[in-house]
Amino acid sequence: MSDPVTFVAKWLEAYLSGLGLASGWIAVIMAALGVIALGSAVLLLDILLVWVERKVVARFQDRLGPNRLGPFGLFQPIADVLKLLLKEDIIPQGADKFVYNLAPILALATVIMLWAVIPISATVAGSEINVGALYIVAVGALGTLSIIMAGWASNNKYALLGAFRMVAQMISYEVPMVIAILIPVILAKSMALTDIVESQTVWYIVLAPIAAIVFLIGAQAELGRAPFDLSEAESEIVAGYHIEYSGMKFGLFYAGELLHALTFGGLFATFFLGGWRGWGAETYPILGIGYFLIKSMFMYWVIMWIKYSFPRVRIDQMLNFCWKFLTPLILTVLSITAILDKLMSGLPYWAYVLGMLLSNLVILYFVYQAVGRYARRERQRVADPEKFRVNFPVKSTASPSHLP
Amino acid sequence: MLQDWLFIGLMVVIAPIFPVAALIIPQLLAPKKPNPLKSQTYECGIETVGDTWVQFKAQYYNFALVFLVFDVEIVFLFPWAVALNQLPLYGVLVGILFIEVLVIGLVYAWRKGILEWF
Amino acid sequence: MIYPLQVVFILVSAVTLGAALMVVTTRNMVRAALWLVLALFGVAILFVLLEAGFFAVAQVIIYIGAIAILMIFAVMLTRRIAQDPGPQLNSTWPIAAVIALLVFGLIVFLVQVWDRAASLPPPLPQGFAPLQELGVALVSADRYLIPFEIASVLLLAALIGAIVVAWERK
Amino acid sequence: MIPLSWYLIFAAALFSIGLFGVLSRKNAVAILMGVELMLNAVNVNLLAFWRYLAPENMAGQVFAVIVFAVAASEVAVGLALVISVYRRRQSVQADEINLLKY
């Protein structure tokens, strides 16, 4: 009984072949059942996340959070879902109805699709395609599309503005994030997530701490969570791209956002924290599921911790941070990692790990110095704007700055 | 190889069914009394003025442009990263050269002020 | 598994061609871009059927994630085009239709007379890893190193060119 | 299994639709979309030939990679031209951009 998932799958397969089905159809039915089981499990987890998120934010803000319905307020999300199901569905005037309805569906479906390639334990993984890392980026691109669809179809200036901000932010931060994914791929020499987890005898956060940090920042920005929550800045553009959505359609965006956060926790765990790996996880795969969930939940908690601790950045700060700091940094780390990987390929593994760690620490030291210098200069500039004025050559010809 | 993609293909078909089901239930349960006032666009407590299709700042296009070029080049780096074990040092350096050409573009955009928000 | 794959192919190609037709006939430009996304996604599924998984995901990342987004941004920046009055096709569109049909007929004719057109895919060799092969082929000096590096220079030139063209001084 | 001719005919149809779009649409962005469809048809052909005729030879895949790069460059420069023309003439209709015609 160390591996109940495989046990159930084996039993089902034997039962189906007992019915006299062709092997091809059995594979299709097994995969379909796997998809349904995975999707249902993930969505059940999602309903729990509503409670977790509200409870944790309450604790960060020194409140109690939901505590009326059931023990510790555990039934609160069920009441929320019931309320959303009973709310009237309002379609704003002038909206493009088909696209308007499609956007929330796509927003949640893409997040569920991300789970197809994440290995959950030593024996349980949806699919072992050899391009798993890129698949994650591709599905993320579809998620970006759902946001622009929602913003455009709502026929609302704020929604369109929020969508534009969000998309500009998402595509900007996708660059450092994808390069950060490239570094575990270089270390594992494989794009399949199962291979990446299996090759982590030492967690990659030790070999590539900078990539891990950049991935976490990129995830925070992709999620649109503070300090990168410009797209739904309440004081500026009300709620962002989903301002015109109400009832269950808003619920789908909300559920998608929460589940996306947990998914990024899971991806961080897979790429940098060894996924399901842990003591005894190979012999008892059931333990692997537990380790994976604990690591994902921990990263989810870190993402929430960041969200509720930082103030919002301005849009120019957000873009500068991405293009002028994160991208050059991660490109440097990528080059050094690739060369070091080649040069140290003959060494014993502990020396390899040590070399990678030391190179990362050296880069981190220089980055720390540079950031400190920049921050001092920026403080002086803000205190005395005239002295540091910079004129960019295109400033006079670019579109007038009163445009949104 | 195609067996691996079977799961993904079924995922693409089945994953949207969950949210679609969640949208069908309110259609049966929820009240439905639309009226023109209710479906008006929300705009900070005032009636909406003019067209939704306001013209946007061109900076959004700049970032999408730089992103497009970076995205394409990064995708090409993935097969190189996977094959790193089978490459000589020379092959690794050639990949780095590919990255450096990318950096030239970034530096150019930076110097031109394309990455500024104003 | 012979028959189901053919059904998948026919369904996907029908949807893709239908979406492509909508791209060239829709009046609303944002909708045309969304139809383009559907057509490109269909092509990505065909890449999977061709056992070129890397190209399927690259298609989604590059075409849908970047090119379609760039097109929607461009439509929004030149806002009048989304609501153009009048016909979307120019006056010579029947000639264009005839030319397109002629090209299609010619290619179908060539496919019909070509003797290897009916060939079936050979099984991939044992232990053949297309991804590693592609990576090695792209950076080997005796193979495709020059096209690979030229592709990066081409993209650099496109970036610089686009910046110069769009943001030149008046 | 799917015979090669299916892919070739599909690609021909996609190419023809793209060609029709390029030749008949007025809007410059729509013309670029037609070009994208044509490039996609080319890619389908390249990968089909790789899979059916020479799976050990990576030429087809490398060509497809280059086509991706070309498509991205074409869109970047093409849309920059569209935006530049729009700023000067307030129009993106290809038949109104006729200064070089006379």
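Note that the chains take the letters A, B, C and D in the order they are written out, and that residue 1 is the start of every chain.
Note that in this section a residue touches a chain if its C-beta (ideal position, glycine included) is under 8 Å from a C-beta of that chain, and two chains touch if they have at least 3 such contacts.
The structure displayed is predicted, hence computed values, not measured ones.
Remark: the per-chain Cα centre closest to the mean position of all protein Cα atoms belongs to B.
Across B-C and A-B, the chain pair carrying more C-beta contacts is A-B. Note on chain placement: the centre of subunit B and the centre of subunit C lie 17 Å apart, centres being C-alpha means. A separation of 13 Å divides the Cα centre of subunit A from that of subunit B.
Subunit C has its Cα centroid 28 Å from the Cα centroid of subunit A. Work out the mean CA point of subunit C and of subunit D, and you get 6 Å between them.
Across the assembly, subunit A contributes 28, 129-131, 134-135, 160, 164, 167, 171, 174, 191, 393-394, 398 as residues in contact with two or more other chains. For subunit C, the set of residues that touch two or more other chains comprises 49, 51, 53-54, 58, 61-62, 65-67, 69-70, 74, 76-77, 124, 131, 133-134, 138, 148, 151-152, 155, 158-159, 162-163, 166-168. Contact of a single residue of subunit D with at least two other chains is seen at positions 65, 68-69, 72, 75-76, 79-80, 83.
Listed by chain label, the pairs that touch are A-B, A-C, B-C, B-D, C-D. By the touch rule above, subunit D contacts subunit B in their complex via residues 65, 68-69, 72, 75-76, 79-80, 83.
Within the complex formed with subunit B, the subunit C residues making contact are 8, 45, 48-49, 51, 53-54, 58, 61-62, 65-67, 69-70, 73-74, 76-77, 79, 82-83, 124, 131-136, 138-141, 145, 148-149, 151-153, 155-156, 158-160, 162-163, 166-167. For subunit B in complex with subunit C, the residues that touch the partner chain are 1-2, 4-5, 8-9, 53-56, 58, 60-62, 64-69, 71-73, 75-76, 78-84, 86-87, 90-91, 94-95, 97-98, 101-102, 104-105, 108-109, 112, 114. Put simply, subunit A touches subunit B in their complex at residues 27-28, 31-32, 34-36, 39-40, 43, 84-94, 101, 104-106, 108-110, 112-113, 116-117, 126-131, 133-135, 155-158, 160, 164, 167-168, 171-172, 174-175, 178-179, 182, 185-186, 189-191, 238, 243-244, 247-249, 251-252, 315-316, 319-320, 323-324, 327-328, 331, 334-335, 338-339, 341-343, 345, 392-395, 398-399, 401, 403-404. By the touch criterion given at the top, residues 24, 28, 96, 99, 129-131, 134-135, 137-142, 144-145, 148-149, 152, 160, 164, 167, 171, 174, 191, 393-394, 396-398 of subunit A touch subunit C in their complex.
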